[in-house]
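Heads up, there are several structures right after this.
Both complexes below contain chain A, partnered by chain B and then by chain C.
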Partner chain A sequence: MAARDTSKPVPFASAARGVFDLALEGMVWSGRTVVMAGLLALPVVLAIVYRLVLAKYPAARLSPLDLYGRLVVFFYLRFALPLTALFYATALIADEVEGKTLTYLLTRPIRRESILAGKFAAYVVTTLTLALPAVVVTFFTLMTVSGRANLGGAVPDLLRDLGVAALALLAYGALFTLLGVFLKRPVIPGLLFIFVWELFLPSFPGYVPRVTLTAYLRSLVRHRPAQEGVSEIFAQVLPTALCLEVLVGAVVVGLGASAWIFSTREYVMDQ
Partner chain B sequence: MTRSRLVVLSSLIVVGVGVVGALGALYLDPARAAVGPLPAEGLALPGDTQFVMGFDVHRFVASPFYQRFGKDRQGQGRPPGFTELEEKTGLNPERDVDRIVFAGRAADKGPEGGVVLVSGSFDRTKLSRAIETEGKGVTYRSHEGTTMYLFREGQGARSGAVAFLDDDTLVLGPRASVEATLTNHAGGKVPMRSNAALVALLESVKPGSTFWAVGDQSVLSRLPLSVPGASGQGSITLPPVKSVIVTGDLDPLVAVELTGEAVDNKAAQNLADMVRGLVAMASLQASQKPELKDLASAVSVTTDATRVHVNVRVPYELIDSLSGKRPVAAIGGPENR
Partner chain C sequence: MSATLEFVRASRWYGQVIALNDVTTTIGPGVTGLLGPNGAGKSTFLKLASGQLAPSQGEVKMLGRAAWGSPELFHRVGVCPEADAFWEQLTGLEFVTGLLRLTGYDEAERRQRAENALHEVALLDAKDRKIGGYSKGMRQRVKMAQALAHDPEVLLLDEPVSGMDPVNRRRMVDLVRRLGRAGRTVVVSSHILHEVEAMTRRVLLIHNGRILAEGDVREIRDLMDEHPHTVALRARDPRALARVVVAMPHVISLTFGAEGEWVTVQTARPDELYGNLAEAAESAGVSEMYSPDENLESVFRYLVAG
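Up next, the complex of A and B:
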């Protein structure tokens, strides 16, 4: 077997694969994953409660599809997925810095971009592993409340929701990765972004919602649960093509900027 | 295999089984797949339907509009007749009816015209008994294994029919249309899918609307293309419209969005200008009736290539001021908003 030329760094793909394996093991088996899995599974619990208790009462005027739509829009897209992305993506590099283990990675003969690529891939796999089954189980628990009658018609919504959930994790993940490599303490700004910027700006009139990610994500799903106040008055549905362009653009720009900052930045470990 | 990969694989299996199961449900049961706001049962409607209108009863009942204007002003809290209807049939429209869909066909279809689908939770036995005992001149016969109740049978254009399409759906209308719908449903046929123009319009309806309507060129071509001028002299020629989509919500205000597709960009611009002109005329009347100023500002008109979007957002306070009377609920009920 030919020996690797040690004067050159390990090829990008091999290095990223190695970092991915290492990062995946650390991410999946962590306290963070237990908390996030619990958070993402909350709708499943609610769906079971609805199925066992609420659906039996005629007074419960919320249909299973309405409840599922509300969970997708208000829980997953507005709250759980951005939060999951925040806690995983900001930690991709910040954890290594805080644990003073970044030195071990940076002294390997691998390009810094491959470290980020491997870690981001591990983030994507971990978060999709947690989020998508929760959406699927919630969907089936709710949509089979009255047999198969309502299932077929709602299937396109499920497929669309899964795609949008994946896109949300990618877009928020790229943004929070950028925050993680740029700031020393990225969680507080990230929380402000989720609970102030992303929560209030979509309710503004005109072009203001277009500076948020959630406006594009919510335009991609078909659920339009009724809201109150200005949120309902100024609710906008943006064109699908524009939404996809902006979200893909956010992923590319976020990851590109993260890779550039990470590969050029001088990290000084506190002793 | 590492522990982490085992977790990922397990998740992949759950998602994979879910997606395959969902696609299986869609593939094996295509008739149940709804098109936009049209429920799956609606696909059994005649394929030559020219316009469809829908109404989400729960959203309507929960809206401030219903609280203000729909309820009985004598203080019973329900529209007149609902209590009697519930006693006779077990049907409480506010609680039991989910949605109403009306499908219209060409005027030359005469008595075979429109069909109404009512979806909800029905006490089928009680409702059937009520139809049999309360209705005068009601006869019934079986069609495709379903009991169809006929009203004024033998009176030609005036004869109507009602039948259960399934446990949750009633179909009402002229006998020929009801029979056609029952036949389609029983045979698993979905003729509405063949109406590509209408299906495309239905798919573009904003989900979750309280009411909606779509119509294609065939129905719009019957509308008059000229209207009398404001002074009574001459007339204004309306640009031809290929299709129209109307969606509306009633909470927290009355919001109606109308999208009309003109034949070309110029026609769309003309149509938009015409609507803007009407709004401007309303503004000019504001000196005599100040409420009209608010009404004019509640309407916005935009064009997007061949499409004209008209958005009307009317607060309930404005409706009250225009009607010139205070509704019962507005005086101070708990549901007043």
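Up next, the complex of A and C:
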């Protein structure tokens, strides 16, 4: 048996891993997961319907690639991924507080930051597991409508989309984790952020779109659909390096601020 | 007595509400009962002691360190919270081993320790069942197991026997007493006097956020015995009983219950009442007797008013 150093908290990585294992099962097998899995799989259903319809009407105007691009940009990046991040990440600590189980974690010799790290890691694994397969299945369902001849050329775009989806979940997740540790009721502000801030500011001229995460995420998508509405942002595709810097920065700042708040606040007042 | 836990002029308020008010006390090895009615401040006291809350004013020290912001203390401290809250999808064994992992034990040791702790609370047979399917008493015991499993020097137990059946309550009381005898510092909160009395004679009386008294539980009993005491008696012939009782000089009042069989007596000297009752009880056919004053709330009302 290895001797434990009882003068210090359990090492960060070991503690975070322990919290991750405790959190993961509860996060995966939850009602929230059923709802979010259904939401993220909607494009798969749409892709299947498209296949069936296209088989009957070969002269359809919307190409499979075009539809796929629209689903990635409009459905996943603008709607489903931010919403998934909102409902999981704001609940990371709130669920433990409401369920009164936070006490068990707070009365262990571990730093509070490791609790947050473990929970966030569980969030990332859960949401990636739900979202990425849905994107992949949508892609293959649509791109094989006319056979597999053009599939090879589009696969790099799929890989890029998967990377952007992962970045979206990380960046929105960090932001909503911050909301969750800061506010007692973070869902309404989060919804306003997704459906007001992220939806309308990208349509503003000049530098205004740069205060949204959407601007950077959509700039990273290569196969933008031909028509994206009135959004000005599509006229200004931001450099990839800048996008990565900003998105990674959002993750670091969001998680850093969340860790600081969580480690200094009291959370068991009502228990 | 060496101080394991020390409160120095510690206060805690939530907004305008004072939960704990200027508390100074030290607690050392052995079992200490934290006794008070619901809402007295017992849970706040334990949350301050376990560093889950910071004092608004004053100091709270556990094992010589500030309780707030010292997570390393939990290598040596075990906490059994009051709330009936769990990750319901886990089995009892997974729950205890998962928390032992966060205490830094390797896989083999955490399994061994978890099984020992579950055995200690008589849950070993149910270790592979999900906590969601446990009875109230089993849930209470698995909560106790996670507090014990890392063999801590200090145990903070918030209403640990609440919801347990008499057999397991007895077992838990014995366990707490054993831990106290082994030199552990055990702080047990309860709002039931006889529950605490079964575990220890050292108590802290807490009421409205203040430590009202601390010392031997017998002194509390003495205080109880001096305050007007109510006894309810069920008799075959309540009128005969009333005739005897009302003649006793220490009896303050007597009332008949609505159902006709019950007589409620208020006395200034409960010991004399109990002594004098033997003869009357036989002639009037007393079949049941209880004291509503066993409720702590009435003791506190009396002490505070006095």
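Everything that follows uses one rule, which is that the second predicted complex is superposed on the first by the 253 of 271 C-alpha atoms of A that agree within 3 Å, B and C clash if a C-alpha of one lies under 4 Å from a C-alpha of the other, contacts with A are read in each partner's own complex, and residues count from 1 in each chain.
Assume contacts are C-beta pairs under 8 Å (C-beta built on N, C-alpha and C of every residue); 3 or more make two chains touch, one makes a residue touch a chain.
If you're wondering where the values come from, they're calculated on a predicted model, not measured in any experiment.
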{"item": "Clash or fit, chain B versus chain C on superposed chain A", "value": "fit"}
{"item": "Chain B versus chain C as contact partner of A:205, first or second or both or neither", "value": "neither"}
{"item": "Partner chain(s) touched by A:163 [first = chain B, second = chain C, both, neither]", "value": "neither"}
{"item": "Partner chain(s) touched by A:256 [first = chain B, second = chain C, both, neither]", "value": "neither"}
{"item": "First (chain B), second (chain C), both or neither touched by A:137", "value": "first"}
{"item": "Which of chain B and chain C A:25 touches, first, second, both or neither", "value": "both"}
{"item": "Which of chain B and chain C A:151 touches, first, second, both or neither", "value": "first"}
{"item": "First, second, both or neither for A:129, with chain B first and chain C second", "value": "first"}
{"item": "Smallest separation of CA atoms, chain C relative to chain B, angstrom", "value": "11"}
{"item": "Residues on chain A lying within both footprints (that of chain B and that of chain C)", "value": "21, 25, 29"}
{"item": "Chain C contact footprint on chain A (complex, rising order)", "value": "1-2, 4, 6-10, 14-15, 18-19, 21-22, 25-26, 29, 99-101, 103-112, 266, 268-269, 271"}
{"item": "Sites on chain B touched by chain A in the complex", "value": "2-5, 7-8, 11-12, 14-15, 18-19, 21-23, 25-26, 28-34, 39-40, 58-59, 62, 95, 98, 121, 168, 206-209, 249, 251-253, 255, 313"}
{"item": "Chain C - residues contacting chain A, complex", "value": "14, 47, 50-54, 71-79, 81-83, 85-87, 89-90, 98-99, 101-106, 108-109, 146"}
{"item": "Chain A - residues contacting chain B, complex", "value": "21, 24-25, 27-29, 58, 61, 63, 69, 125-126, 128-130, 132-133, 136-137, 139-140, 148-153, 155-156, 158-159, 162, 222-226, 228-229, 232-233, 237"}
